[in-house]
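Next up, some structures in structure tokens.
You will see two complexes here that share chain A, one where it goes with chain B and one where it goes with chain C.
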Partner chain A sequence: MRKGQYRFVAGFLLAPLALYLIFVIWPYIQTFGYSLTDWSGESPNFKFVGLDNYTALFHDDVFKQAIWHNVLLLVFIPVLTILISLFFAFMVNVGGRGGAGGVSGVKGSNIYKIIYFFPQVLSLAILAVLFQALYRSDEGGLLNGILIKLGLVDANSPIEWMNNPKLVLWCLMVVIIWHGVGFYLVLFSAAMQSIPREIYEAALLDGAGRSQTFFRVTLPLLWESVQTAWVYLGIVAMDMFVLASTLTPGTGFGGGPDHHGEVIATVLMRNFLYFGKSGYACAMGIVMLVLTMIISVITLRATRRERIEF
Partner chain B sequence: MSTPIKDPSVTEGGSVVPGQRGTKKSARPGDSRSEGMTLNVFSHGFLILWAVLIVLPLLWLILSSFKTDAQIGGSALSWPTSWDFDVFSRAWSKGHIGDYFLNTAIVLVFSVPLTMLFGSMAAYVLARYQFPGNRLIYYFFVSGAMFPVFLALIPLFFMMKRLELLNTYQGLIGVYIAYSLPFTVFFMHSFFRTLPTAIHEAAVIDGASHTRVFFQVMMPMAKPGLLSIGIFNVLGQWNQYILPSVLMQPQSSGEPERYMLTQGLIQLQQQQGYATDLPVLFAGVAIAMLPMLVVYLSFQRQIQSGLTAGTLK
Partner chain C sequence: MGSTSTRNNGEGLGRRDLIKRSAALGLITVPTMSFLSACASGSDDSGSKDTSKGKVTKDNPFGVAKNGKLEVVVFKGGYGDDYAKAWEALFAKKWGTKTSHLGTQEITGKLQPRFNGGNPPDVIDDSGAQQIKLDVLFKGGQLLDLQAVLDAPSVDDPSKKVSETLIAGSTDPGLQGGKVVSLNYVYTVWGLWYSGKLFKEKGWAEPKTWDDFLDICKKAKAAGIGGLAHQGKFPYYINLLIMDLIAKTGGLDAMKAIDNLDPKAFVGSDAAKKSIEAVYEIVDQGLLMPGTNGLTHTESQTRWNQYKAAFIPSGSWLENEQLKQTPADFDMKFLPVPLLPGSKLPFEAIRAGSGEPFIIPTKASNKAEAQEFMRLMLSKEWSTSFAKEANSLTILKDGVDPSVKLRPGTQSTVEAVKAAGDANSFNFLYPNWYSEMDVAIQNASNELMSKRIQPAEWLKRAQAAVDKAAKDPASKKNHRA
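What follows is the complex of A and B.
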């Protein structure tokens, strides 16, 4: 390679690599180091404590509860979101009158997609305000207001969505599903559209019905998209910070009632910014990373199928 | 799939290919028409239900911003008594939504174009030039997309503090660019790979420098990819909350607030415990939603393909 070319490559890589190393990679590496110290954050003095932070995490009931909640979210958010999106993708793409089993949308399928996808462009901050208003624990909240109107709930004892230890996690899940279904509907629809028509025609000639075609032809060919969706939703379920910290009761990033709305991220941020236990919070970050990696590997393993080329 | 970008006509809704209907209908067995009809009614029923579940809460919230605090505390199903648009100007000025808008705009005006520029530059040399360490640097970039941001947050905060970049626009701009790079590089890398090499070679033979080829030949050819990833980055950075909520807090009492819009809304929400002015909060959300709605409706197809394109790879 000529010398000028090397200089060009180096010149182009310099700025992006420098930014990336300083703001992303270096903090990542530091987190590992700090997780082995009793660093408070503010003070420049700290000492090496080995794996003490990690052993302390194993005895931290709040943190263990938070992990358990993340695991629940990791199971239910992807399953429910994918099922609902697949259902609607089926309805939008295959429910049409004219199309037999193949891909032909219902009337107005584009309008449905436009509406369904809209929450995706809204920030989680907007969703937090919106759902706090929906989940209000008096008849001023939309959900309670409707339930009271329908006579399903007594006006004197409305449902306390976010203060009920049994409901709080499910309420958070509903927000994520409400937010995500449109995105995965569009994702699955695009994948459905890319399936060649000949395959459907062949299935049709063999006498396959509409739902048969969906389950035997469409779904297997969508597998890769489902897999991607699973990984993406897993990342969402691992985070949950914005919603959990703003919607659930409790000072210092929510997490209530009585830690029933806690996720790893809220415990981490509380230890970092309120308790001044930065080293300990770094150890939580590492646990989060390890969990994320375990989940990714399990997902990719469990959903591995032979790739179908078309 | 070789290209990450879907042709718009393919991504576009479940539209029926013209001429497909007639042939298919005749190919159906006899009872299919009634089956199709039931399914049609059935599917429209469910589809409309979900559409209502999406639209109703949003409309209700906007409607609620016209109510008074007392009315908001009353029945949720009541109708506002007056249609006073004053609440929106109160949210804009007294609720500081206007300031938050401006702050976010200032950051994004720099961070998005620079993300695109740096991301494309890195992706281009990694996709088109052979040099030792190429793969290594590529994986180095891409792996960053897989780690949770919480992993870096704490050291990042203290590093920014030492560099005196906390609560500064330039600090947040740098951080936004850095955290957007992994996905931008990943996406543009696969895009540059699909572009034909012949034009590139012709330009080189004509004596164009590498830099010129990049800016005058490759970047114009990469426009569809840039559009998709650009939309992705605008939305991602506009909606970012965790990074600014940690990095954009005033460090001393004299320092001005430079909250991002998302942060400002949450701030407004948290203050509700002390001074109740819910209509202002709701109006603030309505104002924050409006540009998203306008942008979304005008670029709906590009946004849908832009946001899903990354996953289609």
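What follows is the complex of A and C.
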């Protein structure tokens, strides 16, 4: 390339790079700066306190519990979402056994694809409203209503889904998985469709069943998409703010009952906006950033495999 | 890669173009940067820019100039925001002021950046679930001392100070560090509520003792409805009942012990022990409305409006909040918290006080207008206008024109306020002073109502929250005598 063209390229890169620096990197740096202060969040005056906020975090049981909850979510959300959507994607694309020698999905697979995608169209705020009605703790709730009608639950002691320390996290998890499966179904479907049919036909000719086809052919060829899905879902599991703060009980961004529905983001926001400990909350934000980065790196490293060209 | 410019044909991008482009980029990025820093805590503009130049007279104690500006932001919750629009119209008529209005539920989201940027609005009703906590604002030096407004001559009777026309003690909840920094405008009464119609139908009398109260709960259970409903998702409400019972059983000393973070506020307090055990009895005997521990305020209050429970705790905004859900013949009635044996306060004693804090930021640009606005809020004309638009009383003594007919719930609170008098009205201050302690006690209460902890454990956890708040050096500034 001639000299002028470097400039031309640089000119194009400048805008996105500047936006990235301003809107992503600079806020991180600012957050780190605030995390070293006793900023209240409502005033431009604050003192530098060094690493005090970080040492306090180590003794904060609520924060530690919240991290543990995020870790649990981090394990279960990606595994369950990926397994379910892989299964559905397989059935919808190559699981069918009709027709002469053709490789296709089960009957009506196009309709299924659309139906499974429905939840993805809804925003998280709408999900929260929907599931609040579903999990409602008296006979007016959808689940309780059905269970009471079936005689499985006593009308005098309905299941208080979100007010039950043992159920609350699982209930949140169900919402996220229900919401996510449709998207990853489409992602995996697209990847599956790019797998050459001859491979499947060869497998068929060799007498492979559905499960053998899936584990020996489909999954290895989809590995890159699974990897991507894992990172995305990991980020979702580290966040969870919208659902946890609206669906779980408690004053100031939920997190109840008694911190059993807490995630890092709810503790962070409560400290930031409700308790006036914004500097402390910024320290939590930095810890969350570091954790998310570590998890992304581990996931990408651990799932690294040889690439199969086709 | 072609440039259309003929001069640079064949040479890629010309230097001149590149400079032009980067200049254009700079134009975009530079304002964005300053916008961003305004978002966080960029400017520390402590110089106030008061623009008013009006003459200070007895009718115009703050020197408001004609044709100025005023920006009002109100929490649009249980009281709506029509009352504020009516006021602004009256203010604009009097002073020719250009007023701007915002009614919102997201006080924090809308205003936090503006406080940090040093350009907050002039008058704010800082209330609701997303209020910016007053202790936090005060610590940041963001709240104007309202003493000047309270010392100004009253609109209705210029020979009196504004403070002399208010219900006794109604400015106390606005105290932070010994100064009145928020005007808690609405006079609120907290306690239990029931349906006059339901009670008449069933032949139940208003319970004055805790035993009678439990008795009605049992009868309600027998009749197939819940005894007590509460807004379990937000344990703020059940804490009203618990704390009122403590204050009435142990007297004002028990209440002050909690506000003053006494090491024996809960553990070692006989009143607290008796009260929490009494509340636990409701749970233990299965007298709660089924499922109420997980319901939001709207869900549980609507259930109660459908006669699914006998009692519910709340403040006097309840009637306005439930206007649409309340049947026409419901006959909403207020009930002071019933008494345990050996109580120090009489049955008529109620938690009453001013709520809905209106504030003026230190950095407001139109302070004279804001202070005059507040003075006018405390006139009979504006107070009556509020009662009409929002179905609630204000802190102005006899502040409602008798020609205004009140709804049954509001009417019953007027009677309750009269019966209690100044002597038997009390109010806790710790929720405004120590938000972290408040939330910790609420969490414990939620556990108790869900039968996951026992009264002894509740006392321990409440005391731990008090002790933690006492360790914060900032708590030394607050004390009530």
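Methods note: the second predicted complex is superposed on the first by the 277 of 310 C-alpha atoms of A that agree within 3 Å, B and C clash if a C-alpha of one lies under 4 Å from a C-alpha of the other, contacts with A are read in each partner's own complex, and residues count from 1 in each chain.
The rule is simple: a residue touches a chain if its C-beta (ideal position, glycine included) is under 8 Å from a C-beta of that chain, and two chains touch if they have at least 3 such contacts.
Quantities reported herein were computed from a predicted structural model and do not represent experimental measurements.
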Inset, instruction - Give one of first, second, both or neither to describe whether A:280 is in contact with chain B, with chain C, with both, or with none. - result: neither
Inset, instruction - Check whether A:230 is in contact with chain B, with chain C, with both or with neither, and answer first, second, both or neither. - result: neither
Inset, instruction - Considering only the touch criterion stated at the top, classify A:17 as touching first (chain B), second (chain C), both, or neither. - result: first
Inset, instruction - Determine, under the contact definition given at the top, whether A:265 touches first (chain B), second (chain C), both, or neither. - result: first
Legend entry - Which of chain B and chain C A:158 touches, first, second, both or neither: second
Inset, instruction - Identify the partner contact of A:41: answer first if only chain B is touched, second if only chain C is, both if each is, neither if none is. - result: both
Legend entry - Superposition-derived comparison: chain B or chain C, residues of chain A touched: B
Inset, instruction - Name the contact category of A:139: first (chain B only), second (chain C only), both, or neither. - result: both
Legend entry - Contacts of A:63 with chain B and chain C, given as first, second, both or neither: neither
Inset, instruction - Could you look at A:249 and tell me whether it touches chain B, chain C, both or neither (first, second, both, neither)? - result: second
Legend entry - Overlapping contact positions on chain A, where the chain C interface meets the chain B interface: 4-5, 8, 11, 15, 22, 26, 30, 34, 41, 132, 136, 138-141, 144, 273
Inset, instruction - Report the residues of chain A in contact with chain C in the complex, numbered from low to high. - result: 2, 4-5, 7-8, 11, 14-15, 18, 22, 26, 30, 34, 39-46, 132, 136-141, 144, 155-158, 160-163, 165, 249-252, 256-259, 270, 273-276
Legend entry - Touching residues on chain C, where the partner in the complex is chain A: 1, 11-15, 18, 21-22, 25, 29, 32-33, 36, 40-44, 108, 112, 115-116, 118, 129-130, 132-133, 135-137, 139-142, 232-236, 286, 289-296, 299, 303, 435-436, 438-439, 442-444, 446-447, 450, 452
Legend entry - Touch list for chain B against partner chain A, complex: 1, 6, 10-17, 20-21, 24-25, 27-29, 32, 35-37, 39-40, 42-44, 46-47, 50-51, 53-58, 60-61, 64, 72-77, 118-119, 121-122, 124-126, 129-131, 137, 140-141, 144, 146-148, 150-159, 174-175, 177-179, 181-182, 185, 209-211, 214, 235, 238-239, 241-242, 246, 261-263, 265-266, 269-270, 278, 281-282, 284-285, 288-289, 292-293, 295-297, 300, 303-305, 307-308, 311-312
Legend entry - Complex contact set, residues of chain A against chain B: 1, 4-6, 8-9, 11-13, 15-17, 19-20, 22-28, 30-31, 34, 41, 87-88, 91-93, 95-100, 102-106, 109-110, 112-126, 128-130, 132-134, 136, 138-142, 144-146, 148-149, 178, 181-183, 186-187, 189-194, 197, 204, 207, 209-210, 225, 228-229, 232, 235, 238-239, 241-242, 246, 264-265, 268-269, 272-273, 278, 281-282, 284-286, 288-289, 292, 296
